Amino acid sequence: MLETITFSLLNGLLYGMLLFMLSSGLTLIFGMMGVLNFAHASFYMLGAYFAYTMGLYTGFWVALFLAPIAVGLIGAAVERFGLRQVHQYGHVPELLFTFGLAYVVEELVRLFWGNTPMNYRVPEALDFPLFSLFGTNYPAFRVFVLVVAVSMFVGLYLLLKRTRAGLIIQASLSRPDMVSALGHNVPQVFMWVFAFGTGLAALGGVVGGIQLVTEPGMAFMMGPIVFVVVVVGGLGSIQGALIASILIGVLQTFALSVDWSLANLGMVFGYAVPPESFFATIWYMDSTRIAPMLPYLLLVLMLIFRPRGLMGKRES
Amino acid sequence: MSQETALALKGLTKNFGRAEIIRGVDLDIKANERHVIIGPNGAGKSTLFNLISGRLEATSGTIQLFGREIDGLPPHRVNRMGLSRSFQVTNLFQNMTVMQNLRCALLWSKGHKYAFWKLVNSQQEVTERAEELMERLNLTAKQHVPASLLTYAEQRALEIGATIASGAKVLLLDEPTAGMSRTEADDMVELIREITTDCTLVMVEHDLGVVFNLADRISVLVYGEVIASDTPEAVRANAAVQEAYLGTEVH
Amino acid sequence: MTKPRRTAGLFAGLATASAIALASLSTAQADDPIRIGFIDPLSGPFANVGDAGLKHFRFAADRINEEGGINGRQVEIVPMDNNQSASESAQLVQRAADRGIDFVAQGNGSDVAGAIIETVNRNNRRNPDNKLLYLNYAAVDPSLTNERCSYWHFRFDADTTIKLEALSNYMMERDDIEKVYLINQDYSHGHEIERRFQDLAAEKMPNVEIVGTQLHPIGQVRDFSPYVSRIRQSGADSVVTGNWGNDLSLLAREAEDAGLDVNFYTYYAGGLGVPAAIGRAGVDRVAQITEWHANVNVDEGHDEYREWVDAFKERYPDIDWYFHRVYNLMYMLKAAVEEAGSTDAEGVAAALSGMEFESHTGTITMRADDHQMLQPMYISIMDDEVEYDSENSGVGFRTLSRIEVEDATSATTCEMDRP
Amino acid sequence: MNTTQVQTGAAAGGVGRSIWVRRLWPWLVAVVIAMLLPLLVTSNHGLTMISHMGVMIIFALSYNMLLGNTGLLSFGHAVYFGLGGYMAMHMLRYIEATGFGMPLELLPVVGALGGLLFGLIFGAVSTRRAGVVFAMISLGIGEMVTASSLMFTGFFGGEAGLFGNREAPVSLFGIDYGPGRNVYYLVAVWALIAAVIMFLLRQTPLGWMANAVRDNPERAQFVGYSPQMVRFFQFVLAATFAGLAGGLFIVVDEIITDETVGMIQSGLVLLSAYIGGIGFFLGPVVGAVLVVFLESELSSITDAWLLYFGLLFVAVVMFAPQGLFGVAYQQVMSWRAGEWVRSFHARLYATSAMLVFVLALIAVIEKAYHVLRHWNPQEPMPLFFVTIDATSMVPWLVSFAVMAGALAVFFLHARPLLRRALDSGEGA
């Protein structure tokens, strides 16, 4: 049991940190620009593909830095030539623009890289078991992912709290109208925030593409869950995104690793639903089968009872 | 004039964080009186309106409308109980025409509620009443013009029209003449006088000419407290008021 | 509307234009080539799977055409993208019938296969002069040749029951397999394997204890570590799984990462991205049960077929000839059309039903009772020192055992309506 | 989307007979088109496609009751479509099994009731707020229902879905619903009924207040309406019509799978409504027809169809947020205003420049697909009536040159010219 808990925690944390790398950029973009970027996971995918392709020529370590920058530049271009045009029509068209963009990016990835998963592997320097726990090896690359994610959080935190640029961004996370009031070139600021946010997603893709699988469906798979993280954490809140990422990561991992159903709860109270009754399906449903639904349940409940999320300062 | 109390505020307070904006307001407004609230900027007049109309929730205290408690109710419930308000900043259905704005304002009071089995255009009563209102507001010629394309004075008139359309017994008007020229303001005052012959009016106003011309009673709100509430003459003579308000602002 | 006339006029124009466009698109013509409608996902998340199948069919068709075609007629594969959707597929079957296509082929997803059977049945009933045959090359749900069996459906792959039958015949003779863990995707395919394997274990594998069963959501799990730690806790030495795609790749990689020492017996480790995704992690660890794999040609010396496989690789360097059953399907269809003398669905169906065919792996039979192919099966394991690797991954498969036809068969409950 | 908010207002005055005649004739045109369409489309597949168009028209119109009329952006509207469809399918199977006497014509009503039921349940929790909160709740509910489709296999029939036979129930009018044509007429009649009802709903007190709540929820409160209740009623009605569409869908397809409740279906109805134009009653109708047509036909013409689909959508959002119908409407208005007379040549010029650009872009995309996706890129490739070798430089250079040229002409010459033409008109 201790083994299950330890590993669930470790793996939940790891998955949570991957989620955080995606959601931090999304929450930043939302907080600042009010744009719910549906294509955010597409930039995560581009990060993975770019890093894979660059890595073939430059090796993993250079790609780790170059790929997010390249994707960030694409993000800047998308903002400059796409979003900015749509901005005048309001937030719904902005959101729909990114919705369409997600389709286009996926098709382009299929066009250039094909439909099959990429052979994107752990770099040799990290391809060894770091330690062994209860007889199970823990690969070094996972620890590396954790290190990258944590340093990203720390870096982001310092950037926001300690630098002038960060203070501007922070101010505008809670009061977007402030930016222009402070005499900043709003479109320019938006462009770089968007670039920065997509770059963060790409960094998540560089390591996530290895940890998971680099294939054209990866954006579609991650997209909705990242929204859940950002909304649960509170739109525009980096700390909230971190907490929600880990919460959802651990929650999902636990639900998968512990066999549990309402029937267990019922037994504690000495109550059981007859197996043939209407509610029996729900009553005897394993937690493992409910697991994929949990984040969305959390999302809906959160929005009903606390629409600003865990750490959010405003509703929308 | 009947002596029934239309609106009664008791110990009303409102805090924003640690800032106390309304600090224990007690106020009785009789039915059918024209009651004007004055006070310096930042005294909390608009906040008071927002509390009464349900836009904001009071921190403590009670609000009664014809003896029924309304504090804590959402704005639409307050409205249905016979209290209607206008806004300092024009707050209309900008994309709808004059006619549509007035009809929307009439639908609930004419008992149509959320009906989806009858057409708005075939409700003769609503149409007639809307036409009547337009006539009174001098907006008949503009009935098919979207609210966003009206002049400022016309928008203010429509704002008042939308407020009174439902035939509410208590009207809250928030600076109806703000930003208007002298003649426009005079027209507006005439309009208000005309439409409030048989209902209770509570109004926030800066223009003291308008205030003393229209008010049956005046309340003076300073830093979230009512320091005086009396007839215009008595308020004019009140030393505290002169010191706190008139003395500093009126020459 | 304020401007009803204008808007209605526009709408009328648009509708008329599109109607004319429609009309021009859909005219049936029966011309020279024998056409096979290939219905599988060619876009969207499963595109790689359908795309690989299409390449197999095209290659085989080109070979047949080079050899002179069927009855002198060329064979043409008509790709039809179903987006992995059952209802889309049903429409495509209709379209195929409209176009005068006589055969439809499909493989991915038993749900889609079920829809196609229904639609083909319905079409053959409602349009008796425009009948279709459905050639199934990969959908393995047993019900398709049992309670839902149809005279118009022919399955060239072994169904789940047969695969497990073969696997159990292999396992019962291995004394190093004692504790088996079943992990499967939570949908009918996975359920079927779980149920069927448990039955077989009780029936004839006294040496095997099932130490755990697990269903997991399909295509949703990004992190298999909780499952792997459960497998470890169960003390299993073997895992049987019907997982495919990422669900298999991630599972095998996670097992390798965690240092889990078990063998995986799988359905789909051999193709469609899985070898590349698993790589050396699978050597001597991941086994598959299939009707053929490339190194069978080396072991059994099928030189002619090696040439075929090599030519395919030359034409499509990214993938390998994987579906031996597409070879069977195309050449059996050829034989059936030649026997029937035409592409008339009824004649071809009659010829295919019960047909015996000399394939590279031996004599195979399309059982007349239920139109299920009976063929020898191979259990093979990943190996990085074999002649043919899979999809340029550096690992291929080495035969562990060949299961002869009589050990790779199962009874059917099919009660077929025959015309 | 703010162009024609409450279009009823202009004719607010009397309701004379002549107005009714004028109002009625677009519907008569629609009836005539719907009646004649099967004469042009005779193949089974074509009939299925136009039946799907009918279904999608109802679905997209119901979606627009949310997005266009009430300002509620839903990412989970397919939930009600799909669940309605499942309800109808269960009824169909029940009829098949027991011979229950419900006629096929009324089966869609079962779907509508299903939509109503789930609309009541989910609407109650999701309409408290509009905006992002509503959008995210709808996304969450959509994902939850999708996830549960594999948990409750009894209801959803697992991934294989459920089948039914539309010939099993009796017919009210003794019609044989085996042939696709008869089913098409059933769809057409229902689509027309649903469209008329939804059109009239826009003009009821609820429909007006939906617009009011969309534009200014606060003011709506101060005229006595609870925005939440207005949203809730609109939501439930929209879900009911979505369920009706779902019920018709299973009559056409005789199969239903869990993809009908899924994100892709929800996305498709959003695309349909938006591409057509959410500010107009007929916008979603145009969008639905176009989307079904493209989905069904484009995929058999080109591999790149999803890319074109995505690009079309992005282009509409960027350059024509009023939707395709909105663009057409503007052009007609502009024609009426006489602007076409003085700017006809400039318009023609600008449009053809753009058209050339789009054609060159299509050429580039097709060539890219040929080179990158075809097993043998050297194989000659047919493109716009010529056959080219996509691996040689020349066709690429030509395409890019044409693209750049067309863009330059458009931005540097045609557009300024068009602007001048229009401005001079205003001055005159």
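For the reader, a short list of remarks on this structure follows.
For clarity, chains are labelled A, B, C and D in written order, and residue numbers in each chain start from 1.
By our rule, contacts are C-beta pairs under 8 Å (C-beta built on N, C-alpha and C of every residue); 3 or more make two chains touch, one makes a residue touch a chain.
Keep in mind that this is a model prediction, so the values were computed, not measured.
Here the chain at the heart of the structure, going by C-alpha means, is D. Counting C-beta pairs in contact across C-D and across A-D gives the higher total for C-D. Chain centre most remote from that of chain D: B (centre = mean of CA atoms). Chain D has its Cα centroid 35 Å from the Cα centroid of chain C. In terms of their C-alpha centroids, the spacing between chain A and chain D amounts to 31 Å. Spacing of chain B relative to chain C, judged by their CA centroids, is 74 angstrom. With centres taken as mean Cα positions, chain D sits 44 Å from chain B. For chain D, residues that reach two or more other chains under the stated contact definition are 10-11, 147, 150, 306.
Those residues of chain A in touch with two or more other chains are numbered 114, 289, 292. Those chain pairs judged to touch are A-C, A-D, B-D, C-D.
Across the complex, chain D meets chain C through its residues 4, 7, 10-11, 22-23, 25-26, 29-30, 33, 36-37, 40-46, 48-50, 147, 150, 153, 158-161, 163, 165, 178-180, 253-257, 259-260, 280-282, 285-286, 289-290, 293, 296-297, 299-300, 303, 305-306, 325, 328-329, 332-333, 336, 375-376. Considering their complex, residues 2, 5-6, 8-12, 15, 200-201, 203-209, 211-212, 215-216, 218-227, 229-230, 233, 237 of chain D touch chain B.
Across the interface of their complex, chain D is touched by residues 1-12, 14-16, 18-23, 25-28, 42-44, 55, 58, 80-81, 83, 85-87, 90-91, 94-95, 97-98, 109-111, 114-115, 118-119, 122-123, 126-127, 141, 186-188, 217-218, 315-316 of chain C. Those residues of chain A that touch chain D in the complex are listed here as 36, 82, 85-86, 89, 91-93, 95-97, 99-101, 103-104, 106-108, 111-112, 114, 224, 227-228, 231, 235, 281, 285, 289-290, 292-293, 296-297, 299-300, 303-304, 307, 315-316.
Interface of chain C with chain A (complex): residues 43, 45, 47-48, 51, 186, 214-217, 219-223, 225-230, 232-233, 246, 249-250, 257-260, 272-273, 276-277, 279, 318-319, 391, 393.
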